[in-house]
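Paired with chain B in one complex and with chain C in the other, chain A is shared by the two complexes that follow.
For the complex of A and B:
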């Protein structure tokens, strides 16, 4: 079986670390796209948490080894190179477009929780007011990070900003400045991460 | 259930965020992804579901 970690462009060398369950990393070309993979004789049978962490650490290591890194979701596996090639061919245009979008970029995740947010609002008005407060805070953060942002995504209570790697420290500082200016808002910033959230290219 | 209960808070946040990204984000080619643990298929619909499932399996294995 082939386990896929990421699709890459401009790879200068494979990370010097093992893959899932200690497997050796390889780069292969599938339908014109370079993938970083490892080969396994059987489906992973060990601790899935350790496997997920190993997958993630390989992807993060690729950030400093390639110009463009498009992480694959954990669990993307194929019987062989032919099957991987067929799957990539079917999505080749999407993958190449996403690789261009994320070239030279990382993502920052920011979770915002305004104080007094009513999670289980007791009334429709309370719910709408909480939603309005959340939207207002998100818009303010978007504005603060606008100069750094190449693309933005949302999901699972997190706002995710795609920024150029060189700008990431300044973008993190901007988030910290935002937090200092909004003491009534809980701000949690994580990253920089490989750009996991931009596999689907949006206009 | 806590995965890293003996580690500092910042490290917990980082590790949980990393695993959350690995399981819930990233480009997909094959649609639904199913992994098997101890012969039981788990569909990764979220980190909490995965952890709960593994915890349950651990308890059953220890029983």
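For the complex of A and C:
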């Protein structure tokens, strides 16, 4: 069984750390795409949280070992190289395009909660007014980060910005400045992370 | 190992595996519902800003959209889908949502 951590381009070397359940990391090539994997004789049976952490640490380590990292969702596994090869062949064009998009980039997540949140809406009017406030705040943040942003995604109540690694500190500063200028909005910035939100690969 | 010889298939197809078909169809249907929900919400916000809705209409529309948003969250959880799964890559046109 093969556990996939990420598809990469410009890999200079495998991270010097173990994979899920202490497995050895390998790089293999499938349909012209390099995948970082580990091999397992059976599905992981240990603590799933420990496995998820091990997976995430490998992906984060790959950020400094490759020009472009496209993380695979935790738990993506294949019976063998043939099955992985078929999956990559089916999505090869999409994977290559995504690798190009995220080249040299990381993602920043920003969760915005304006006063009077949608969650707390107690009436139809309150819901629409909260949505209007949220939309307006999101637009203002998009504008503030426009110069740093290569792509934007939305997910699970947050805005996710794809920015070049070198620009990440300045982008985080811009988010903090935005938070200071909007004291009525709760702003939580996370990252930089590997670009999970821009083409994450699933089996 | 090189798999270039494997015939390339269109990306984002619905898997033929019976266990995956239901999820694939749910993803497609929910993507379209989410698109319509967002369009309706934008239209409602625009009309509210323009003052072309009375109080009763604002309340009714808001409640409808709020319940639809809640139901979408339930359905996404049921099928193990995330916000970014409810999207379609339209190539040069960009993403649907």
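Everything below uses one rule, namely that the second predicted complex is superposed on the first by the 197 of 203 C-alpha atoms of A that agree within 3 Å, B and C clash if a C-alpha of one lies under 4 Å from a C-alpha of the other, contacts with A are read in each partner's own complex, and residues count from 1 in each chain.
To be clear about the criterion, contacts are C-beta pairs under 8 Å (C-beta built on N, C-alpha and C of every residue); 3 or more make two chains touch, one makes a residue touch a chain.
Quick caveat: nothing in here was measured; it's all calculated off a predicted structure.
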Kindly classify A:90 by the partners it touches after superposition: chain B alone (first), chain C alone (second), both, or neither?
both
When the two structures are overlaid on chain A, which partner does A:180 contact: first (chain B), second (chain C), both, or neither?
neither
Contacts for A:135 in the overlay, against chain B (first) and chain C (second): which applies, first, second, both or neither?
second
Chain B versus chain C as contact partner of A:76, first or second or both or neither:
first
Chain A: partner with more touched residues, chain B or chain C
B
Please work out whether A:59 is in contact with chain B alone, chain C alone, both, or neither, and reply first, second, both or neither.
first
Applying the document's definition of touch, where does A:29 land relative to chain B and chain C: first, second, both, or neither?
second
Which of the two partners, first being chain B and second being chain C, lies in contact with A:197: first, second, both, or neither?
both
Once the structures are superposed on A, label A:126 by its partner contacts, choosing first (chain B), second (chain C), both or neither.
second
Contacts of chain A common to chain B and chain C in the A-superposed view 88, 90-91, 94, 155-156, 197, 200
In the complex with chain C, residue positions of chain A that touch it
28-32, 81, 85-86, 88-94, 118, 121, 123-128, 131-132, 135, 153-156, 197, 200
Given the complex, residues on chain A that touch chain B span 4, 6-7, 43-45, 48-49, 52-53, 55-57, 59-60, 70-76, 78, 87-88, 90-91, 94-95, 98, 109, 155-156, 188, 190, 193, 196-197, 199-200
Note: in the complex, chain C contacts chain A through residues 1-4, 6-13, 41, 44-45, 48-49, 55, 58-66, 69, 82-84, 89
Complex interface listing, chain B residues touching chain A:
3, 13-15, 17-30, 33-37, 42, 44, 50-51, 54
